[in-house]
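One structure follows; several queries about it will come next.
Per-chain numbering from 1; labels A, B and C assigned in written order.
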Amino acid sequence: MTTAATGGVRATTRISATADGRGGTALPVLEGEGPLAPRRTRAVSGDEARVMLVGAMSGPLGGDHFTVAAAAGAGARLHVGSAAATIALPGQTKGGARYDVRLEVAAGGELRWLPEQLISAAGSELYVSSHIGLAPGARLVFREEQVLGRAGEEPGRLTSRLTVRLGGRPLLDQEVACGPGTPGGWDGPAVLGGHRALGQLLVVRPEYEKDVPEARLFGECAALTPLAGPAVLVTAVAGDALRLRRVLDEALAALG
Amino acid sequence: MHLDHPHTHDSPSAVSADARRPDGTRRALRIGLGGPVGSGKTATVAALCRALRDELSLAVVTNDIYTREDAEFLLREAVLPPERITAVETGACPHTAIRDDISANLEAVEDLEDAVGPLDLVLVESGGDNLTATFSKGLVDAQIFVIDVAGGDDIPRKGGPGVTTADLLVVNKTDLAPYVGSDLARMAADAKAQRAELPVVLQSLRSEDGVTAVARWVRERLAAWTA
Amino acid sequence: MTRAALLVLADGRFPAGGHAHSGGAEAAVRAGRITGTPELEDFCRGRLHTAGLVAAGLAAAAAAGMDPLELDAAADARTPSYALRGAARRLGRQLMRAARAAWPSGELDALARAFPKGAHQPVVLGLAARAAGLGPEDAAYCSAYESVSGPATATVRLLSLDPFDATGVLARLAPETDLVVRRAVEAARRAVDEGVDALPAASGPLSEIGAEGHAGWAVRLFAS
């Protein structure tokens, strides 16, 4: 962790999981301090390694640049969660904050990326860029949830881009931009329609190559859709974080 | 990795209403059936399918206005195997889909040829519209306009593109004429006056003859098409 | 090159199937999110900056000569909705037919061969613009404008909205349409050097969700 010339904090967290050769998962790389310290926790199942990102300080603030990089090798099963929601806040310095997520999964590896929500507080400005590279045969569960403003608060400016490649080919590329200063219509009937929580759940499984679940709705504000590849995406909007999580959990359970 | 659409390398499909398939063979004859709502287009299509399905390879494209009801009626009546019936959606503009922008209908016809072809005959039924709806020559080779006696016996006299120019005018539900006070002789005479030499058939699908006369006309068109 | 070709390509009567699609407006009307002119304007504005920007970027990149197969894969990734991918390919196929009749071109023939059931509509549009001698900016204008003119026209039919009000919406969105086109063309120029990831990927969650719901309706006026 260093303090950049702009006054913001630069911090990088790295997690690397590999098969330990005894049917379990080892974590040869587990590094990062400050805002996003990774801690190994007790796994639910024996072959999985579970890591919790623990925020030792608030942020990201304006000017900060956080990076989290995680990789699951062949045969490794990695589960990453976070201890609390991440809150984007306005900083002392001008300019936005940046949060990069870089995930890699090898053939036969599995990554379950299930952090808590990202909350865009009033006056904040954050650009999130998530890049996921999957080898053919990789398994992934990826969840991201954004909450626009703390309770009763106007949101900050939030842009979040999710780019996923499978075997080098684009599988999913989505960007949401919301809050003051983003292009018009973001809160209108084509985009968010007044909802203050939005989320996506991406599930990639090699067996979907042969038999992918059909499109379906979960209530009025969430839909599961098969992508042009062995994957499904659940897109949901909700009035608040709790209802959003409930529908994403329901969808994940329905996938088995 | 591309589950939606297998890449294939067939020749591109024909651009418009070319009489030949990309492989050079003569494509199916396409006959359009248009006319006002409730005049008996779907019933006539169903009767034609029953009359012709044993002698011809045929398929149907329906253009429903806001439902798939016409296609579903034909499916329910089992007049043809389901893979031979396709519905086109028309965005509340059925006349546009058969006249001004025929692309969706052309694709439906081509897809039927690909899936169950080669076909001898494709019947394209328009959504029930008004008296001005006619089929583009880019979509069909001949068109039948279906009106009925209950819609008023002055329709032939009023004319309009469908009544005047269709290759065949069918005056349907003649069995109802006494009950709705329609004068069949006057309808026939008015139609003759509007259409000169173009043929008119008065039919009741409930009578013994049923769709016989229309089926005969279709067979003649097909003989001329394949000649 | 003739600039007038742009009018032919952008004409709402160009026979390429658009009349049967509402651009998500039918789902939004049914859900009660569009009830009149102000909501239509907000809907169109949101759509312009999301689906419109993405389509304009793809069209501009295709018109600039990027590999249409690569762009088609990029369009798939930017269209998570299964229903919307289907609609985009059907419209692409219909546009292909009209474009090949209007501006015969080896590039269009090759794309039609690669995707007999249709490539994504914006990719076909960009290639059609190219075949017509038009440039990336022209293609982007067609795509961006289509993204709002479709829903506006559909809403006139769905709500019996005053057509003058709907046309007013499109006129008020013109300056933002210019902005979207500029962004799309800049992104397309970057994509030529950096690859398809440089193209816009803006999404509208409610449009994606609404499209899947709409596809399952038994009774509807529009195909999408």
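To be clear about the criterion, a residue touches a chain if its C-beta (ideal position, glycine included) is under 8 Å from a C-beta of that chain, and two chains touch if they have at least 3 such contacts.
These numbers were taken from a predicted model, which means no experiment stands behind them.
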Inter-chain pair with the most contacting C-beta pairs: A-C
Central chain (by mean CA position): C
Relative to chain B, chain with the most remote C-alpha centre: A
Chain centre separation in whole Å, for chain C relative to chain B (CA means): 32
Where chain A and chain B are represented by their mean Cα positions, the distance between them in whole Å: 54
Centroid distance [mean C-alpha coordinates] between chain C and chain A, Å: 29
Sites on chain B at which at least two other chains make contact: 2, 4
Sequence positions of chain A contacting 2 or more other chains: 169, 226, 228
Overlap residues in chain C, where contacts from two or more other chains coincide: 73, 76, 82, 85
Chain C - residues contacting chain B, complex: 13, 15-22, 73, 76, 82, 85-86, 89-90, 93-94, 97-98, 100-101, 109, 112-118, 154, 157, 218-223
Interfacial residue positions of chain C with respect to chain A in the complex: 24, 28, 31, 33-34, 39, 42-51, 53, 73-74, 76-78, 80-83, 85, 176, 179, 196-197, 200-209, 211-213, 215-216
Parts of chain B lying in touch with chain C, wherever the complex brings them together: 2, 4-5, 7-13, 15-16, 65-68, 88-93, 96-97, 100-104, 106-107
Partner chain C, residues of chain A touching it in the complex: 161, 163-164, 169-177, 183-186, 188-193, 195, 198, 215-217, 220-228, 233, 235-237
